[in-house]
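Attaching a single structure in structure tokens format; questions to follow.
In order of appearance the chains are A, B, C and D, and numbering begins at 1 in each one.
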């Protein structure tokens, strides 16, 4: 299988399978035709803006009409439902909180598939269960449309600066069509294989991230209690085999790094409740495939307990604070 | 506290405390006077060779006389006991398997401290309990000698190529004397603070390494079972927040990387039994300091179960194989 | 809410809600009219036999026709599909391996609900996700039938001797109708509340059982390695606060008790793969309800690893063997 | 090996080894000669009272003189140091918080062994590391005295009512001499084998207790969130294979049982910090003997985190509250 990377990486796209040109030709490939966008939350809004900035007319909708205001001022056309978006655009992106929302937006009574044009390209950037992505792909195919999953790595800042990483699953022949749009919003676009594989890659990454973060928090806390200076310990880890993203790019100990949530009382960043949700997806896929994930499961439980103990809305690196002895004890 | 780095990194050495020159002057600072070496195992032997290569006469001993043969052929003087080493050299390195060996070699009936010269510099590169390092330092001080702990990161290969990382604990005034010798055997020498802090840093690093390795094994296994190509998944992780040393430098999945134990049926490398031992040290220090280490503890237990199930002598990255579904199931 | 117990326990049945007699009257309440049975596996077969023994005509089916042979010889009428069972009986029991089987047997093209009579009582004794039980109840209600979940505690032996415990969920007004049949097959029938609650109680019990079993295995192993005699240790635990079903009724250490799987090389009993399946259900319900279950999750992972390491078909108490040091290590 | 039980159980004492009568005869076996008692804390004080009540003259001491006041009023003779106790009594009990205190009281400058009479019987009821018990036994033997470990199960209430369980380790020939005194303070006295085995049994029991308690808390919480009534769920568990002491005798859910800490806001009972200490001992012995204890380790970490989050002084069953979703979340 070809690994397809874009951005600073080498792009190699193989048209090694039969391509149904008749099928593809029904979609407007002339660039700068309208692009639909459903879901204008913290992530979706800056992503849609970047499409506008790149010259694409945007047809947008959101369950909360006020979320559309800013985008409308920038020139987007706002409509009432996903079905209406599908009437006016044959390339549509969706960015939604969780699986039930995705099911509703695609297959609900006012959903995209109610009015989707044959040959439309539907790209879902939500982080959801890969099985739901596959169901949506089957439902879309029945209507003559193509569904791809393209969840993102990177937060609101990366979304604003078009620095997201997209992990894309879907038929390889449609990948470059998806890539045309995704490169407007991200710095890296990675082709991961069949539909659902983007979700799988995202879930895997976040599980390892969660493990690395708790591990870093435990390790830094232990080192501090053994008398080590936290900055020194971080330096030692980062030049040794303990090195990981959580130690060298997002250290959870206040005072070790600037510009990370631990330097700002764990505000901003990636909320514990969102991490717990992603670990729930990882757990579900692991249970379904009978795959043992002892540390992944325990990480899930730790973030879940944190949600019960008041850390739900703090950045997930606050696990350092959670594990640390309280003052005065 | 000053963080002191050497090698490709910035060296800043502050003589910011009163230095007892009278005390230091009793030791032969003229370089190339004999250096003692106790413990010529897989690690100690290449380390001692590197001292010889750098022009230091070496006075060596080991409980297994045959271990000394090769070094003797290279010109080292072999003696019968640590005490005899201490009679002939006032700078001594020790590299031993575990705490009881260190206690024996320093304080036993034929131990270094029985014959140590006043002002001698004693550097222990074993990985042991920091509390034992501190005991040895107190015992050495009573005899007018200086004890430092300097455990290493890096395996037999790094020892042979003088690419080890040393994490050094001990009085800051003696650090540059230690550094003179350690730079012959390692690429990085890091000053970690008071005696025992080298061990603390080593233990912390290895605990995070263990967590990262099991986490990487779980994640790769989950991704593979979800249909992802292992090489592609490793690439995605390594460009994302899941990145860690175990994913990008020592990947546990056969076929992903060359030149690592997973490419060689998990032979060589760092044995599961050794990792279990280091995690036992981490657990002990955590229990003693009442520090919660949920993932560290579970990692310890997983490697301990692996030892019970036949993985004791395989590289610790074989946890991937341990977690994986058996063929035919 | 009334807790309803049967058997040696007090039975109190409150008809404290309006009862739709017109609705109930459509079902044949005269006892000894035919009872349907779908699923004649290791558990279902002896259960159906006990209905026959109690004088109920049985209409049975199974996907494997050969499973029906013995029951047929005992006088049961064997038919081709669940739909046919539903045509001939208005009280039906189902005993199936997992959720997808239950969905198929009830709502599939030849399923019970295709031909179910109005007012029929459908009792499912499979152990499945409570959410699926609730879905089946809704689907049954649309056809004018009543669905109850009644999973069992106890194995093949208890099924043969009519000593099962049933945990029943469903509308309280139907509980005594269900009880009439269930008492032929079990020693205890417990009413647990609305539909799905039987499954919930079963899942909770098995999660705590799994934790207790692994805990007992770890504890016995630790005690043995500390020099304690296993029988003595079991006695001490059983007279102290460590007492649990796994220590006093199903001890996992060979030689401590007679008549349990540990006395028979872990053959028979409750397979590790089945326990792993039940823990998967517990994990799913916990994830869905955002409930932290740290030990339950770890127990799930341990049994999952055991399945990967060759213990899938041994009794789940073989976790003692799994954790134990191998001979010669 | 003979298991020796007392109380409601059968007592069988085998004098099947050679008994050194000459040795034993040096100790005053005439009953009602003075008994020493060191450590008059929450547990030691009622224990010593029960000796007085049984007619034994008591010679007592404690580092806090005020702790001795009440016992003095009841007729005990209070002295200044353990050494003085040893001068005046040849049967001595000690009840101390942790290993360092035991080491000090026996081998310190004013310790028992400084003045112990030949043939004295020294019984330590503290919960400590079995290795320390063995060290004390060796030290005692050098002075011609006999040391036994006899840690207790049961809290302050059981101590007051002479309902403790003693787990006794030491030479079997001395067991009945120990038993004479211990039966004044406890309802069950169990002989566990050689010195240290009492500690081993105690540690094992408390580890399984800890696992059972967290497991019960998780299970009850999950059941409640799935819609089960807590009292009903407890009943179901207690008649099924999930049954354990924590579910049927000390249920952690408020409202399920009377007279337990969960009915009193988790006050009284066995503090989380004490359970964490005992699990630390279990972890140490497991690490030293290379025994995997995955659930025991995780239980240790959970109670340790609870200590960091404000639960240190609540009863250990407050883990139910710790895991539960906060109000308003």
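Rule of thumb we're sticking to: a residue touches a chain if its C-beta (ideal position, glycine included) is under 8 Å from a C-beta of that chain, and two chains touch if they have at least 3 such contacts.
If you want to know which protein each chain is, UniProt gives these names: A, B, C, D = 3-hydroxyisobutyrate dehydrogenase.
Since this is a predicted model, take the numbers as computed values, not measurements.
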- prompt: Relative to chain C, which chain has the most distant C-alpha mean position?
  reply: B
Query: Higher C-beta contact count, B-D or A-B?
result: A-B
- request: List the centre-to-centre spacing of chain A and chain D in whole Å, with centres computed as mean CA coordinates.
  value: 53
Statement: Chain centres from averaged Cα atoms put chain A and chain B apart, in whole Å, by 40
- prompt: Which residues does chain A have that touch at least 2 chains other than itself?
  reply: 290-294, 298, 302, 305, 307-308, 323, 325
- request: Spell out the part of chain A that touches chain C in their complex, as residue ranges.
  value: 276, 280, 283-284, 287, 290-294, 297-298, 300-302, 304-305, 307-308
Query: Okay, in this complex, where on chain A does chain B touch?
result: 1, 3, 5, 130, 153, 165, 167, 188, 190, 192-194, 196-197, 200-201, 203-209, 211-212, 214-216, 218-223, 225-229, 231-233, 235-237, 239-247, 249-250, 282, 285-286, 289-296, 298-299, 302, 323, 325
Task: Would you tell me which residues of chain D are touching chain A in their complex?
output: 298, 305, 307-310, 312, 322-326, 329
